[in-house]
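Here you go, one structure.
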Amino acid sequence: MSANNTQLKKEYLVVAQNASGRNLNVPVYTFSGSKPGPTVYIQSSIHGAEVQGNVVIYHLIKELKNTDIRGKIILVPNCNPVGTNIKSGEYTLGRFDPVNGTNWNRGYFYDQAAVEQFAKTVTPEEPVDVIKHRFRAHLLASIGKKLAEPWGLGLAQQLNLKLQQLAVNADFVLDLHNGPVSTRHIYIPEYAKDSALLFNIPHNIFIPNVFAGALDEATFCPWWTLQDSVRQNLGRNIQCNVEAFTLEMGSQEVINFGEGSVDAHSILSYLNGKGVLVNSDFTPAEMTRLGVYLQDYKTLYSDFGGMVEYIAKPGQKVQKGEPLAQILDIDELDNSQGSRMLHAPCDLIPMLNFPSASVLSGTQLFKCFTNYFEL
Amino acid sequence: MSANNTQLKKEYLVVAQNASGRNLNVPVYTFSGSKPGPTVYIQSSIHGAEVQGNVVIYHLIKELKNTDIRGKIILVPNCNPVGTNIKSGEYTLGRFDPVNGTNWNRGYFYDQAAVEQFAKTVTPEEPVDVIKHRFRAHLLASIGKKLAEPWGLGLAQQLNLKLQQLAVNADFVLDLHNGPVSTRHIYIPEYAKDSALLFNIPHNIFIPNVFAGALDEATFCPWWTLQDSVRQNLGRNIQCNVEAFTLEMGSQEVINFGEGSVDAHSILSYLNGKGVLVNSDFTPAEMTRLGVYLQDYKTLYSDFGGMVEYIAKPGQKVQKGEPLAQILDIDELDNSQGSRMLHAPCDLIPMLNFPSASVLSGTQLFKCFTNYFEL
Amino acid sequence: MSANNTQLKKEYLVVAQNASGRNLNVPVYTFSGSKPGPTVYIQSSIHGAEVQGNVVIYHLIKELKNTDIRGKIILVPNCNPVGTNIKSGEYTLGRFDPVNGTNWNRGYFYDQAAVEQFAKTVTPEEPVDVIKHRFRAHLLASIGKKLAEPWGLGLAQQLNLKLQQLAVNADFVLDLHNGPVSTRHIYIPEYAKDSALLFNIPHNIFIPNVFAGALDEATFCPWWTLQDSVRQNLGRNIQCNVEAFTLEMGSQEVINFGEGSVDAHSILSYLNGKGVLVNSDFTPAEMTRLGVYLQDYKTLYSDFGGMVEYIAKPGQKVQKGEPLAQILDIDELDNSQGSRMLHAPCDLIPMLNFPSASVLSGTQLFKCFTNYFEL
Amino acid sequence: MSANNTQLKKEYLVVAQNASGRNLNVPVYTFSGSKPGPTVYIQSSIHGAEVQGNVVIYHLIKELKNTDIRGKIILVPNCNPVGTNIKSGEYTLGRFDPVNGTNWNRGYFYDQAAVEQFAKTVTPEEPVDVIKHRFRAHLLASIGKKLAEPWGLGLAQQLNLKLQQLAVNADFVLDLHNGPVSTRHIYIPEYAKDSALLFNIPHNIFIPNVFAGALDEATFCPWWTLQDSVRQNLGRNIQCNVEAFTLEMGSQEVINFGEGSVDAHSILSYLNGKGVLVNSDFTPAEMTRLGVYLQDYKTLYSDFGGMVEYIAKPGQKVQKGEPLAQILDIDELDNSQGSRMLHAPCDLIPMLNFPSASVLSGTQLFKCFTNYFEL
């Protein structure tokens, strides 16, 4: 419990059972403020190798123990106890279910048709608070029904839905990830573009109202679609003020306490901007923030197999034609083809690169900002 | 070359490059008949552990060397040289790309909107042959354009598209797979339901015009949609006679030459029924064939982790309430909870079960026919 | 608790901690008889995919709850909570630590020089009971010291030593394993050859006093060496009557309750023969038992890569020159090299074969009895 | 071919066959000087993820094309085509055979008894050249016999022996490796301690005449033992001048062309010091070189599972009691146990640390120099 009026509670949520028949649970830390306010949900490590978010939550808890808040903040570190614990060689095979390849971050729930159906029940006079309350109940019931499917569900989906049962009540949802070898960047729904200025993250990707299974999308798509549908149906603009983000906190496989403190301050600055903190002086840093639309966030795949030195570093501005990578061909070491350069096809900034020199054809070498702009 | 008028040619298709920088190729065996006729495309082992199809192709080639054919038969055994060669323990990790979890059988090309666009160019008088020829050229160009994407493509998609460049010219496409521990079954598009009677496969799953990325769907969805669109646009019924199937030839990780011969005869019976063979007496067997619609083909997931004996065997009729599996709980061996039965939730026939006793929660224990019927 | 005079107790032993920071424990079931007698230690699934032993222990506990015993029986099912829970594809990657390849069954403790040193402390008159008591204390202290190594120990070794702390007190140690695709067989130290007649296991491998890291060896090597050293030093023959076995209970990845009951009866017959059971009528079956010396237990490796049908079945007598396997070569399907036979190099009985058709060069295709004899 | 008198030849050596039935080969580059002299053998990437050596060989070849040499230099980059190509997640699972866990670097041949037997055939007068020639023939025959074993050999051993057939003729053998996250260091047999001054490697580990399966040991143990045995047998000191080293060229999974050039110069300085280069001015750098005996090269294992920040960096001098690592405990984030420090148990220099923050108990956190000294 904190020295202020905020209460801190620790509980455990069972999310799976392993082959030994043992329950696998995750810790759920909840801060409850003395004043009413929004609900915040923050989780980390849904991809098992992406561990920096756990340190960020460590620092968030330290800070929040000394901070008055409005509403509630739910923190779930290490939220995937299966993915965290699959080693293959020295690394963590944490991106997908090793049984079937299912991405641990693609099984959240969203039913667009049901949202559009719900939107039809909204009347011109219904207060936004009441709409939000009814809609949350609707979403929660839908997730519950899905989880109760009589023939059962796959492991990743079960895990995702159990976490989403916590997240669905939140106004602000932050899903903490890492890239392979990566600089810090964030996915922001286009309608919440202004929130980019509240975080201290230099690279911002603005994404449309499209669902591909991730938690941020599963959170904002329903509300975005609800607002759009109500506008279309009634010509009425409602603001539900629900936001959700995927934050990429640097490189996977690494934790860094120092950087984690900086990351936590960035999040606290956002939360303060949203009125979650009471009498807090966390404010956004003065810094250059760059943005890109999702269609300009490009993946560069190898069209060769071989060994690669990644020359362009994540976060570095590269001009068209400058070297991105140098490739070694072990069969041509006796001639001039022993190494060759791969050049940037256009002006770009790499956000991340593949974490191994050894690549097959069709490998994601870099993900890059192109046509980026200053915010 | 065969003793008859059929020509047999062996070529190699490069489908990927490995981290040593070496080309990975697959053998392509092509029979060309002296008479014109349809094109047949048969591949096996796109999932690396599903190897029985390779033996089936071995037997098909032996038979076809002594058979006159019309048209062309293209056979691509072991069509995934990456998936075939990833061992993890003694087994083959062949279902998905080990780098990112991408299913090797989900990256084929289909663009529904483009097909609907194409359908608008069909006139009331255009002969079906001409439509088919134009449509094939359209599909081939689309695949080629996709493969030439300037930022590149992922490995699985590259592999799929290179194979699809061969398959897109075929009238009859057979993709040979295996289940985990499995009885023989086949996926058949609903419009080609009658073809179930030409194969000697006891279990038939009828699937709708929905694309989920597999080769059979990527083959029949365009033609099905084209036919539907032309009917809608012009009120004209055209029959393109393109069929595509996924055949599940028993259990993965196993080859059996004796069963492979039986499997090959089943396929030759289909091809003979379609007029591909000349003066051949391969005819379908007299046998009971059961069918099910896809929505009644159910996956039973575990809601527990533990050790499982699979009691109900693939292909066996199970009544509601009869035992499917016996579960061991190693923490309760001193009491009556040490083992318990899992019962069938309705009348069903398991097609396959999970190949390991050890399961986490959310594991596909069985895939089952329910509401099945005799053909 | 049982209806007789035997007490049953369940405890948990922590053997490791996972990356989530959670303790991993294993259940330890202990039966204590009202009469004094030997100690028995039985564990299963040190290799995670070898699960049948868990069912055997299930049946042993059921039987022992209704049986009076002398001494103590310790049962540890599923004794490797790490290896049990590493999935890779649908199978369990349970043979070695996925981080570094360390076999989970090679880190038990044995220090031959220390045993020879200890042997020098034995006097001509020291009663065998006292020697045994002193030696057990010596072994236990050595293991404890090893575990307390200030720079720490590797995971597999820690796991092994924690289990060995239980096993070191036992007179009879049974380590329950499975082969890949396998018939039942057992490893027996040469000096305990007669015990082959107490189990109902058709295939018996007699092994010398050589330590390669496994639990059976770590158990019998010290006592064997002690007896030999005392004989050499003092010309005195002492009988310590400690025996240890590795039992291979059929194929991995499978549990079978019916066969588990038969396996349990075989073990109870051994225990009854050793005086552990009171008024029990478990007796060895009348059956043919075959034996082989370790140097005649041969591994046949592939000198090719390809796809294999394993024709000779585990347990089947094969004459020299008879077919063992049929090999498919997907690059030669257009000619007579498309398949070829692999023949037995001598008279043999396969005990096990590789569980996948797909093999690289240097794969263990079969392990075989050669020069075997009837017991 | 080079502009000088040195000839460069490229050949391919088949070392295995994969499950597709395809030969796997490695390139063998051989420089032959116009003048007689010693033979040098250099290989890289026997562990598939340790790829920097390939770049070093790239630079060596570039330099040697413009350098006169005495004798012969054999270079085998990427010498393990199996280990190079096993991906598991984005990383390369290259340390052990994924089928059975066998370390790719532990199957080389050495038979101490046979060497001692051979030593008995050496007479007091036999010239060293003749002894060396006879001994090489003996070793080569032994390896050939092993490879011809009628029941076959495991994959790793086959691979090792085929490479050793090339290395056994060499006077100087360099096996290029990488550590996980690592600074440059080298293993040097104690008798060749002076050669530490010829390389530009700051950290030197001196190892005894003990065989654990690696190529450097398999190379120097026979000659060391031969020299010792001849001294024992005849009181005669012979100098065979065969040296072998394992060089750890920084961190795995990474190639760096710039550092590779520096690494190549270090090796050329050694070769020049040994008289392999003609009129070359490669000389050892002025630098501090530290040494340690193998018994003082310590591995620090975790006695906990959790998430770790590695604070002490490879190559950095750490005093007893200074922090090595900071550990996060996700279950204790609400109290002071949320993180804790791990301190150095004595003065040390880490050579390498585990490359993932996520560790189970029993993980190799650091390998450290202790009791080190300046050379």
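Labels for the chains are A, B, C and D, by order of writing; each one numbers its residues from 1.
Note that in this section contacts are C-beta pairs under 8 Å (C-beta built on N, C-alpha and C of every residue); 3 or more make two chains touch, one makes a residue touch a chain.
Since we're looking at a predicted model, the values are computed, not measured.
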item	value
Matching chain pair for A-C (criterion: over half of the contact pairs shared, by residue number), options B-C, A-B or B-D	B-D
Distance-maximising chain from subunit C - centres being C-alpha averages	A
Pair joined by the larger number of C-beta contacts - A-D, B-D	A-D
Rounded Å distance between subunit C and subunit D, as computed from the means of their C-alpha atoms	36
Between subunit D and subunit A, distance of the C-alpha-averaged centres to the nearest whole Å	42
Whole-Å gap between the CA centroids of subunit B and subunit D	47
Residue numbers of subunit D (touch at least two other chains)	18-20, 22, 78, 84-85, 87-90, 92, 95, 99-100, 307, 330-331, 358, 360
Complex interface listing, subunit C residues touching subunit D	16-22, 82, 95-97, 99-103, 150-159, 298-307, 329-331, 345, 358-364
Contact footprint of subunit D on subunit B as seen in their complex	18-20, 22, 78, 81, 84-90, 92, 98-100
Subunit A residues within the subunit D interface of the complex	8, 10, 27, 29, 48-49, 51, 54-55, 57-58, 61-62, 65, 75, 77-78, 84-85, 87-95, 180, 253-257, 307-309, 326, 328, 330-331, 333-334, 338-339, 354-358, 360
